[in-house]
Each structure stands twice: as C-alpha cells, then as structure tokens.
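The structure that follows is given in the form of structure tokens.
Just so it is clear, A, B and C label the chains in written order, and each chain counts residues from 1 on its own.
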C-alpha cells in the first residue's frame, strides 16, 4: 500500500515537474533577486553654467535652439548627459558612479520623454554597468526596463521605477531610481 | 524487484532533471506566449503641418536641414515621434496608446533606419509599456527586438515584425507591428 | 529501512527541486552558448571624404558643428553610422554584414560614449540581427549588452566586449567585438 502510494506520488511529482519545464515561463518569480536605490543629478547647460553642467541639448526641433529647451513641452529636444549617481538625495555626496546616455522630449501636448542610458559603477560596492531604456511619461512614478548588465550585474534584467525628486528652473533635476532585478545570473 | 526498478527510475529521473537544469537554454519554446497586432501612424513635420504632425526631424547631417528629409536616402536624419497606436489601419480609429521614441536613417546608398521606441498603453485592454530596439532595413517585413516591458507586459521579451502599410509623400507613413512575445512572466 | 531511506531521499530531492524552481536564477550558466568575433570600421565624414565616409555627425553641442568633432572630448556629438563588418581587421575584406546605429560622446572631462546599434548579417554563415546597447568608457576593453536578436540569433542575449583596434586622426577607427551569447533559443 505504502509502496503504491510512493509510486503514485513519484509519478505525480514527475508529471508536475515535466509540466513545469514546458510552461516554465508562467512560473517566473516576481520577487526581485536584487533591489537597489540610487539618485542621479542632471544640470542642463544653459549658456552660462558650463563649469557645473552635466548635460547639454544636442538636437532640437526646427523651432528650437541648443541653449533653451524648446516650446511645445520641449518636443524634439535631445539631451545628452553624464550625471553623478549618489546613494542619497544630496548632489554633493560622493558619487558611486555615473549615469550616461540621453533623453528625448517626445510629445508636443504635454511632457514626456524617451530614455536610453547606462549606470556605470566604479565603487567598492559595485563594479559594472546596468543598461536602461524606456518611455518616461513624467508621471509621479514610471517604470522603464533594465535590459542588460555587465560586471557585477552580468546579464541582469529588471524594472527601474523613476521618481522626480527635485526639479528647479528647468536647469537642475534629480531622479530617484528604484531598481528591482528579476533576472540575476 | 519492483523496488529496484523504482530506485533505478528515480535515479534516471534525477539524472534527467539535472541535465535539464544545465542545458535548459536549449529547450526554450519558439511558440509565442502572447501575440498582438497594432498599427501606428507617423506624420512628419514639414514646416506647414504643425497641427497634425506627430514627429519632427531633430538631427540632420552636415548637408541637411530640419524641415525636409536629407538627400542620400535621408542618411543622418534623426526623427523623434509620438504617434498614435490603433488596432486597425485607420488613422482616425480611437488610439489605444502611443508609440514614442526615435528613428535614424543610417545608410547613404539605400533606405535603412535604426529604431528605439516604446509602446505606451493606457486602454481597457492593456496598461503598461513595451520597449523596442533594432535595425530596420525597410524590407517588406523586418524583425526588431522587444527588449523589455512593464505593467501588463512585465519583463516581456520577444520579436516585433514591422511592415510598412502605407507611405505617402515622405510625410505620412503607417507601420503594422506584429508582436510575438516568447518570454512572459 | 531501505524504503524509509528511499522516501527520505525522495523528499530531499523534491525539496531540492522545489528550491531549484524558486531560486533557479542563481544556477544560470556563465558558459557562453555561442561565441563570435567581428571587426567593424568607422570612417567619419569630415567635409572632404563623402565618398568613403560611413558615418556622420548629426547632433552637436551648443559649441560644436557637424564636420569637426567638438572640443571638451566631443561631449554632445552624436554620430550615426553604417559600417562594414569583417571577419578580420582588414577594412577591405569582404563584409559579412553592417553595423548600424549611433554613438554619443557623453562626457566633458574625458572620452566616453554611449552606443545603440545593430549588427545586420546577410552572409552564408549568418542571417539575422543582433542588437546592442551600453556605455563605452573607451577603456582598453569594455563590456556592453546584447539585448536581443532575430533570425539566426532569435531571442539571444549576451555580452559584447569592445576593443579599439585602430584609431587614426579622428577620422577612422576600427573596433574588435567579442560577442558571447549566454542565452540562445
């Protein structure tokens, strides 16, 4: 009796395991394998702040120029950045890396942007890069994709939730980035 | 006898299972876990259509300008867009989301482009984003990568097949996008 | 006694297997499922080489222009390229595909770039595309992400290690790209 039960149980388990293999996509965990929080700080070049600026307008729409963000919600402005990453919201905290890439304001009737950038880490805590792309509708929070990583973040994938933590005079802004990796290697 | 068979079977299964783990990459399914079809509509700003335009040239080669696509197959033109997404090929159908991002014409001797964009959905059917990048050789059909997603498309990956469904006077074009996701969470 | 051992063993195995499922991310192999080496060749348009040039500056910072890379380590220059891919380091070898996309110089105080591009293959060996993004600190070697692929490289992911193999007069450079795919379908 017990042996029969054992055999039944074994077959049940084999069945379960086999079905697991073929439909494994459905069972992927939504618990992050790594969670990280960073801030990065963007100071846009405005013709007068070349010493402090960390970003610059490098493409603008037909009706725009490169020292003032264009009308129509900056539609068409492309900004290249190389911003310090810090662990807290203080611009003057020691940077743990650089956020490097670009954003494009891509809508005429309200603010929204498209982002392509990398976090490049070179601290005692982290070495390597994380690569991000996504639409940024500039809501209170918005999610973009972590599409890959290198070094400590070898082959990582996940979601980054962005929050605008400060926005001053269209020259300085600070983003809080909550990174949750769901694929770690 | 039966017990021995059971033990053998168990070991065989363990072996199978172990080998499954290490070579699991080879068993990934090429059957999509989700299939979707959308259209999106791009109206390029030409200096006279600012009311209807959904995109604008924001970078051009040394020999170009920002209201007319450049010679040499538009090589070097960067176009930023915020286009309506519809379920059928009618520009005036109710949009289910926006296609936001940019394309670059990247070849002198014939048409080809590079694309980075997101689908941003906000309808009763779908909420969330899908993120795309890839080369677009402007063949009849061409495949780009779905590199990530958020919301309803949390962590998705897949392939998007693009087809130019209409192309009028270098001002309006319509793309049909067949999305097949092979990684769903 | 033996049966008890068997049952214990079975339960141990079930436990192991279950824990495997939930933490499977940790067991992913760091042995590449495919390794490839290519070279690609970039000739930047400088106002005089339009016949040979394979790339052009299409966005520049407020202090720059489109025929000479800008001061401050080219910060803000956007270059669009369509470069031949070869199997060895000879520019005149028969190309096996095209490297198409863009790079942005994104730092004022030393050279560093951000890359978004695709390899488009159309040879007897390979058909399809590989899509790359990442930060390029222009160290001796640097890693970027392979975020997707199509055709022969359906759904691939991996790491590409870049090495500058030649750099001449800010007009010609050659990159060696060591691609290691860790996710093959």
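Going forward, a residue touches a chain if its C-beta (ideal position, glycine included) is under 8 Å from a C-beta of that chain, and two chains touch if they have at least 3 such contacts.
The UniProt protein names, listed by chain, are A, B, C = Dirigent protein.
As the structure is a prediction and not an experimental result, all values here were calculated from the model.
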Query raised in the report: Through what angle, between 0 and 180°, must chain B (Dirigent protein) be rotated so its C-alpha atoms fit those of chain C (Dirigent protein), rounded to a multiple of 5?
Result: 120
**Report entry** Residue-number overlap at the chain A (Dirigent protein)/chain C (Dirigent protein) interface, same or different (half cut)
**Finding:** different
Report summary line: Per the C-alpha centroid definition, the whole-Å distance linking chain A (Dirigent protein) and chain C (Dirigent protein) comes out as 19
Report task. For chain B (Dirigent protein), write out the residues touching at least two other chains, lowest number first. Result -> 3, 6, 10, 17, 58-59, 78, 116, 133, 147, 183
Report summary line: So, in the complex, the side of chain A (Dirigent protein) touching chain C (Dirigent protein) is made of residues 2-3, 6, 9-10, 13, 17, 20, 27, 29, 33, 45, 47, 56-59, 66-67, 78, 80-82, 98, 100-102, 116-118, 120, 128-129, 131, 133, 147-151, 154-155, 182-185
Query raised in the report: Contact residues on chain C (Dirigent protein) for chain A (Dirigent protein) in the complex?
Result: 3, 6-7, 10, 14, 17, 21-22, 25-26, 28, 30, 58-62, 75-78, 104-108, 112, 114, 116, 133-135, 137, 143-147, 157-159, 182-183
